[in-house]
Structure formats: structure tokens, C-alpha cells
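Chains here go by letter, A, B, C and D, matching the order in which they are written, and residues are numbered from 1 within each.
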Amino acid sequence: MILDRTTLSRALGEFAATALLMIVGCMGVAMTFPEETGFLVGSLQYGLTVGIVVHVFGCVSGAHTNPSVSISCCILGHIAFDMMLVYVACQLAGGLAGYYFLMAMLPKDVIDQSYPAVCLQEPMADLSDIQILAVEFTLTSVLVLGWCAQWDVRNGSCLDSAPIRMGLLVTACGFAGNQLTGASMNPAKTLVPLLFHDHQSTFYPQLGGQTLAAVLVPFIWRYALTSNAKPMKTTSRRPKRTRQY
Amino acid sequence: MILDRTTLSRALGEFAATALLMIVGCMGVAMTFPEETGFLVGSLQYGLTVGIVVHVFGCVSGAHTNPSVSISCCILGHIAFDMMLVYVACQLAGGLAGYYFLMAMLPKDVIDQSYPAVCLQEPMADLSDIQILAVEFTLTSVLVLGWCAQWDVRNGSCLDSAPIRMGLLVTACGFAGNQLTGASMNPAKTLVPLLFHDHQSTFYPQLGGQTLAAVLVPFIWRYALTSNAKPMKTTSRRPKRTRQY
Amino acid sequence: MILDRTTLSRALGEFAATALLMIVGCMGVAMTFPEETGFLVGSLQYGLTVGIVVHVFGCVSGAHTNPSVSISCCILGHIAFDMMLVYVACQLAGGLAGYYFLMAMLPKDVIDQSYPAVCLQEPMADLSDIQILAVEFTLTSVLVLGWCAQWDVRNGSCLDSAPIRMGLLVTACGFAGNQLTGASMNPAKTLVPLLFHDHQSTFYPQLGGQTLAAVLVPFIWRYALTSNAKPMKTTSRRPKRTRQY
Amino acid sequence: MILDRTTLSRALGEFAATALLMIVGCMGVAMTFPEETGFLVGSLQYGLTVGIVVHVFGCVSGAHTNPSVSISCCILGHIAFDMMLVYVACQLAGGLAGYYFLMAMLPKDVIDQSYPAVCLQEPMADLSDIQILAVEFTLTSVLVLGWCAQWDVRNGSCLDSAPIRMGLLVTACGFAGNQLTGASMNPAKTLVPLLFHDHQSTFYPQLGGQTLAAVLVPFIWRYALTSNAKPMKTTSRRPKRTRQY
């Protein structure tokens, strides 16, 4: 990795993208607390915000905003290993910065009424740990599959509506799993609110499912769903497709 | 049909696509039980999931996930007859696998509160069998027409937003027919939940309407709605347009 | 106009498109009667159905499904005058056929609970006739402007997401005007339900607003919003852009 | 600036675009007053209307409809300074005309029940002025970032679904901030209703946040998020990309 201007702007893009995802996505979730159907609005809001972020930062850094996505991207060889580490670090830092800024902007009443905390959700009580892991693995797999399809050379000309497609994908996964496990599908989004609140939550199954999906899905995509598969190799230099998602 | 790598990845794609459709689509439907307006959210969720599946598996297998669509595709000559049989088998197997996996992930309470079963819906009591057949025929015709337009050479350059268009098509058909007949439009989705539950349901009219639409609509498309119609012939070899929908 | 195969398939396309618009659009509106927020769902359903129809029949006939749109299309010179008459006749016939088929499919209870009739809506009591005309003129103008932009050579390469854009346009106009005047924006949709029901409704202001918009907006588009305007002339032969919207 | 036909049609386009944004956007907001969840429908309606306006007037004037967007566009060098002044004047005039026309069309009851006025919203009482400024700055930054990405040469081929993307962006920002500050993100939309109603509202923080975002974001985009940044210079002649957004 050469610390040139492109690397810097990509790192900054990933930082800003994750910060905006936390600010706008969680602001909408926090404001819908009085509704019983709030989880639907929250899922829609979070999904649309993912769409915004892909629209704005897709051409800058690819708009991963999610360590699981960056890990998969690296396994498929689209970004280098050291770049992946930079991305993950920027995502965590950006998530923290965004969440801190959001807490400063929201009125105290709104923050207090979010249970257990803004953008933090308890898994449904009936679910065993293995079920939580399975749900989070399934939904994160869908998200990673969506990115694999987007990066695939067979969809090389389908960039135009990518932000809308990714946004609606996250919306649908949220509708499905929000009440079960929170449907975070994003280690950064799972961890950041925990660091701000003194809340004992069993977040290991979620993180386990998210990581498992990030590691397994690229192999399934490459070896089962691609007909002319070539061996995956991590590019040691800057990836070929840095700009367009 | 040559059992090469491409055929295998297409069959696997169709299996995985139908499995994900059942898992994510029906998970969302199952979680909205307490709402009176649940059928709206269920239709939206199912439509968005169709969009996800077309986005992810469109470039792998065409993402039919529906025997009616594969039959129409074969009649129009876009896939060969033996390939169509493979597709239908994979769709049924994928639907069963996905539904089984979903049952294992959902808490018992959620499953018990879905009446008559998760992703299974009784037709409205007032409807005669011929009305059920007519409604299901009409809605499946709209779905098959949507695919005919998508496959048509006149829309050859319109692939980018195809997942969103197909997803919204299924959403609108669901809004229209969900309370009447369930608006399944998909023999696999109609049959799979019946195999898991000991429930006497009159599913013949639905299947009849779906099959009728699958057989009739390609002829209407080719001979009434295409100006320079050529005789339909089933390709004996691999279709020309395997990759892009 | 030469009565060749292309003309025939375009006329059939317009007939089928308007029939499907009435069936699927009004089926959804009829099924949402018990909700207070039914007008929102109805507007969304009708808008999404417009999107379906543009997706399916855009490459066949242009998917006008609306006499106002065909009149504007003719004034701008995109279709010939005799073709416009064929289109309008097919739209009215298709609307009648679709509405008749829908009445046969719906249970009697659903039809009885739609007031005053399925897909027929009274204007808000507080509105004067001139206000009804103004609202319907404004909303139909927005619809016709949307088609003018779509037909414009400057948007010649923007066909891919046209069905979604037109669908969301109709949805937004429905949200705005549904409770005021019904937001039909379509003389065919305004007239067809009246022919089936013995209901004295003041539909002249709506029709006046729709016709006014159809006639005025093309001139505004050509002479105020196009910088290198050429004199509008009606093509005496088949239009240049018959296939792509 | 040469007062030629192109300049005139662009100015007229910006006038008509802002007028339609106020009429259709605010008509939908005004009609949803009885709902508790009205702010969600209002945000969706306003966002979809932005999408309509970008679809119709994108090829005419770029469809800014927002002084903040025009200022940013000028700082990035996409339009000249004198053209920017013309745009801002047309936006304010169009907003006034549209709002006046809307007041004439709505029944008195609807106007009276909108509190404090149609399309005018009080910030949440708990918010300090600096919080209002911060929220409005953040949301306007997201909007301006969306336009910066749209104008960027790296997204030069992504015009097709731009109206939908911009519409959903505004929808998501509205979901997030509507209850906090009104989420206007548009000085014209903030000012116009105030001129019609004798209402003492603290609108300075909103305007401050909107202006700050308009000035700061272009510099962030050019110097932090573009890898091969060139010095920004205001074009003294007609911009290169006048037609396509």
C-alpha cells in the first residue's frame, strides 16, 4: 500500500460514509420510538440511508461501511489485505465519531426513550444463541451476496441503480430480522453503540454470524456460482476496480 | 444438455435463489403477524425479496425461482426443455430446503401464531373456485408478462434496474391479490408450505391459474405483442442469453 | 396509417395495458377499504401498477394508457393523429374490458363496501368546481410533463428506470390529490367506472382539467423549456420513436 | 452571461421546478394532517416530489430547486456566478408563486388544520439553537453531498435513476430530521411559508445550517474525497454540463 492521495481519499471516504450511516440511519430509528410499527420505519430508514451512502461514497471508496463487506471484498481479491485493514479501522472510527456526534445532537428525552439504547437492540428472548447466530449469518450472507453480485464482472455495466438496489436489500433484511436479532449485519454497527452504553448484551452470536458470512460467502460465490472460476488471489497492489463500487 | 460447470452453477444458483426467497421473504411475513395491515408489509417484504434474488442471482441463473416463469421461458425459446426441467426441480428442492431452514430458525411462538401456517394463506371465503383461478391467473400473467418484457430483445439494454422493477411488480400484485387468494403466483411457493403442514387447503385453483398463465402468456406475447414475430422454437442447445436475466 | 402488423400490436398493447391498469390498480384499491389510511395504500398501489404497465408495454406501444398522454404525444409530434385516435379508442375499450373483468372477479362484499364504487371517488365536499379543475389540471400537468421529459431527446438514453420513475410520479400525485379530487389524471379512469354505476357525480371539472393539461403542457414544454425549439409538426407517417416509450 | 434562449429556458425551468415542488410536495403534506404518522407520509411525499422534479426538469435546468444546491454547484464550478444568482432568484420567485397557487387550491379547513402553517414546522421544543443548526447542517450536507456525487465526472454515466436516488435521499433525511427541525434542507422552502403567515419562528439556525453546508461541503468533496483534485475555478462562460443534472 502506498500512502498516496488516492488511498487517503478512500480512507476518508470510508470514515465519512460510516459516520453518516450512523448519524442519519440512527437518527431516524431514534425518532420513531413511540410507534408500535417503529421497527418497520426504522428498517426502511436504515436501508434508505445505506442507499444514500452508496450513492455518495460509491465512487470515492466503494461505500462498504461494514467490516464484513470489506473482508469479503478482500477474499475475492477486489481490495488488498492492507487496504482492507485500513477500511475496517476507518469504519470503526467513523462509526464512533458519527454516534458521538448523533448523541450530541439529539434531545435528552429522545435518547432516554430508546431502549436499551439508540441503535442498539436486544435479540428476541425466545431465541437460542445458535438461532441468533443462524439468523444473523443468513441475513449477512444475503448482504454479502448482494455485494458479490455488484462487484462481479458479469454485472459490470449495472452501476446506475446500485444504490437503490443495495438500499432495498438492507430494508428487506431489516423487515425480516429486525425483531429477531436486530438485523445489524454489520460488526461496526453492532459494536459502536455497546461502547457508549453500560449494557450487558450477548452480542457474540451476532458477531459470529456476521464474521462467518463474511468468510464463507465469497468462496460460495467464486466456486459454486461462477462458471469460469479462477483461483482467488489477493492483489498486492491497488485493486483494478477502485472507483465503481 | 451437457452437464458442464455452467449448467451446474446455474442449477445451484436456482436452488440457492429459491431457498433465499423462502427464507427472507417468509421470515418477514411471519414476523408481522400482530398487525392488521400485516398483509401490506408482507407483500412489500416478499416483493423486495424477489428484487434481492434477481439482483444476486440474475447473472448466475436468471433468478426465475418460479416454475411458471421457467415454463414460459422455455416456451419462448430462451432456455432448453431439459434445462427447464432442471430449473423446476431445483426450485422445488430449494424451496423445501429454505422453508425447512426457516422453521428451524424461528421461535415456536412465531410459528404458532401464523395462521394457517407460515407463508400459507387461505383464499377469501367468499370466492368461488373459478374466481380464485381467475385472480391467480391474472396476477401470474402480469408476472410472466413482466419477465417476457425483460427477456425481450427490445429491452436488451434495460438490465440495470430490473431487480427493482421485478420487485415492485410482485409488491403491487401482492397488494392487489394477497387478501383474495394469497397472490402466490408461484407453484413452488404454493406447494412447499403444504408439504410441511397437515392442512387441507384447496390449492388446485391457484395451481391451475398459475399453470394456465405460464402456458398462455408466452403465445400472447409472441403473436399479439411482437410485431415481427418469428416462429417459436425451443433451442436444443444452451440459450443465447444465459447471463443477463 | 397503414394497418400493418406493427400498428395492430401497438393497438393491442394499448388495449391490454389499460385493461391491466384497471384490473390490478383497482383490485388493490378495492381491497384496502377498511383502513383509514386506505387512500395512501391505494395511491401507492395505483402508482406501482402504472410502473408495471410501463415496464411490460413500454416496448410494445409506449404504455400511455391515458388519453391525455396520447393527445400530448400527438401534439409533440411523436405519434400521428390517426394513431392517437386509435390509441384513445383502445384505452377506453381496454378500460371497460378490464373493469368488467375485475367486477366479475371480486366478491360481492368487497364491491358493496367501496363507496361510491370501485375506483370511483367523490371530490372533497369543500372544493368548488374551479378548485377541482385547478387541482386536476395541476396533477395531470405533472404527469404530462413527466412523459414530455421521458420522450425528450435529451433523455434519450434514460430508459432503464423509466417504469419506476413514472410509477413513483403517479404515487406522489396520488398522495397529494387523492383526497381532494381523486387524482385520476386520466379521462379513461374517470369515465369507465361511471359507465358501470348509476351515480350522479360531477366529473366535468376533472375532465376539463385533464384535457386542458393535455393540450397546454406540450406547448409549454416545446416553447418554454426547450432551448432549440423547432416548430411542432404532426408526423404523417409512423413516428420515429415508436418502441422506446 | 448571455441572455440567450438557453439561459431563458433554464431560468424558466428552475422557476417551474420550484413552483411544482411547493405545490405537489406541500399539497401532500397538508392532506395528511389527521394522522399521527403524518410526518412519515409527509417526508415520503416530499421526497417523491423531489424525484418528480429531477425527472422532469433535470434535462432543462438541472432541477436544483434549492439555493444551497445552486451555491454548491457554483463553488464547484459547474455553473457560473451570475447564473447562480439567476437560479436563486428564480427559486425564490417560483416557491412564492407555487405556494400562492397552492393556498388558492386548498379548502379553508385543510389550511386551518395545518399547524403552524402548511409546509411550516416548528423545531422540537427541547432543541437548543446550536442543535437545530447542527441537525440542519448535517442533513443539508447529505443533500449537497448527493448532488456533488451526481455532478462528479466519476458518476458521469449514472444519470438514469438519478431522480429516484435523489428522491429517496430526501425521503430518508426527512424521516430522520422532520420531527427535530422540519428537515427543510432548503432556504427557499424555509423562507416562503414564513412570508405568507404572521408567525414568529426562529428560522435563523435552520438557514445558518443550510448555508454552512452549501459553502463547506464542496470544499470537502473537492479536496478530501477527490483523489486527483484540480483547483476549483468558477467558469466565466456557460458550464460544460448544463443539460444532464
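Heads up, the rule we're going with is that a contact is a pair of C-beta atoms (placed from the backbone, for glycine too) under 8 Å apart; a residue touches a chain by one contact, two chains touch by 3 or more.
Which chain is which protein? Per UniProt: A, B, C, D = Aquaporin-2.
Predicted, not measured: the structure shown is a model, and the values here were computed from it.
The chains in contact with chain A as well as with chain C are B, D.
Under half of the residue numbers at the chain C-chain D interface are used by both copies of the sequence. Seen as a C-alpha superposition, chain A sits on chain D after a turn of 90°, to the nearest 5.
If you match contact pairs by residue number, over half of those in A-B turn up again in just one of A-C, B-D or A-D, and that pair is A-D. The chain with its Cα centre farthest from the Cα centre of chain D is B. Chain B and chain C, compared by their mean Cα positions, are separated by 29 Å. Between the Cα centres of chain B and chain D there is a gap of 40 Å. Residue numbers of chain A whose C-beta contacts span two or more other chains: 159-161, 164. Taken as a contact graph, the chains are fully connected, with every chain touching every other chain.
Chain A makes touch with chain C in their complex at residues 160-161. Within the complex formed with chain B, the residues of chain C that make contact are 5-6, 8-10, 12-13, 16, 20, 23-25, 27-28, 31-32, 35, 41, 44-45, 48-49, 51-52, 55-60, 101, 104-110, 159-161, 163-164, 167, 243-244. Residue ranges on chain D touching chain A, taken from their complex, read 37, 40, 124, 126-127, 131, 134-135, 138-139, 142, 145-146, 148-150, 152, 154-155, 157-161, 164-165, 168-169, 171-173, 175-180, 224-229.
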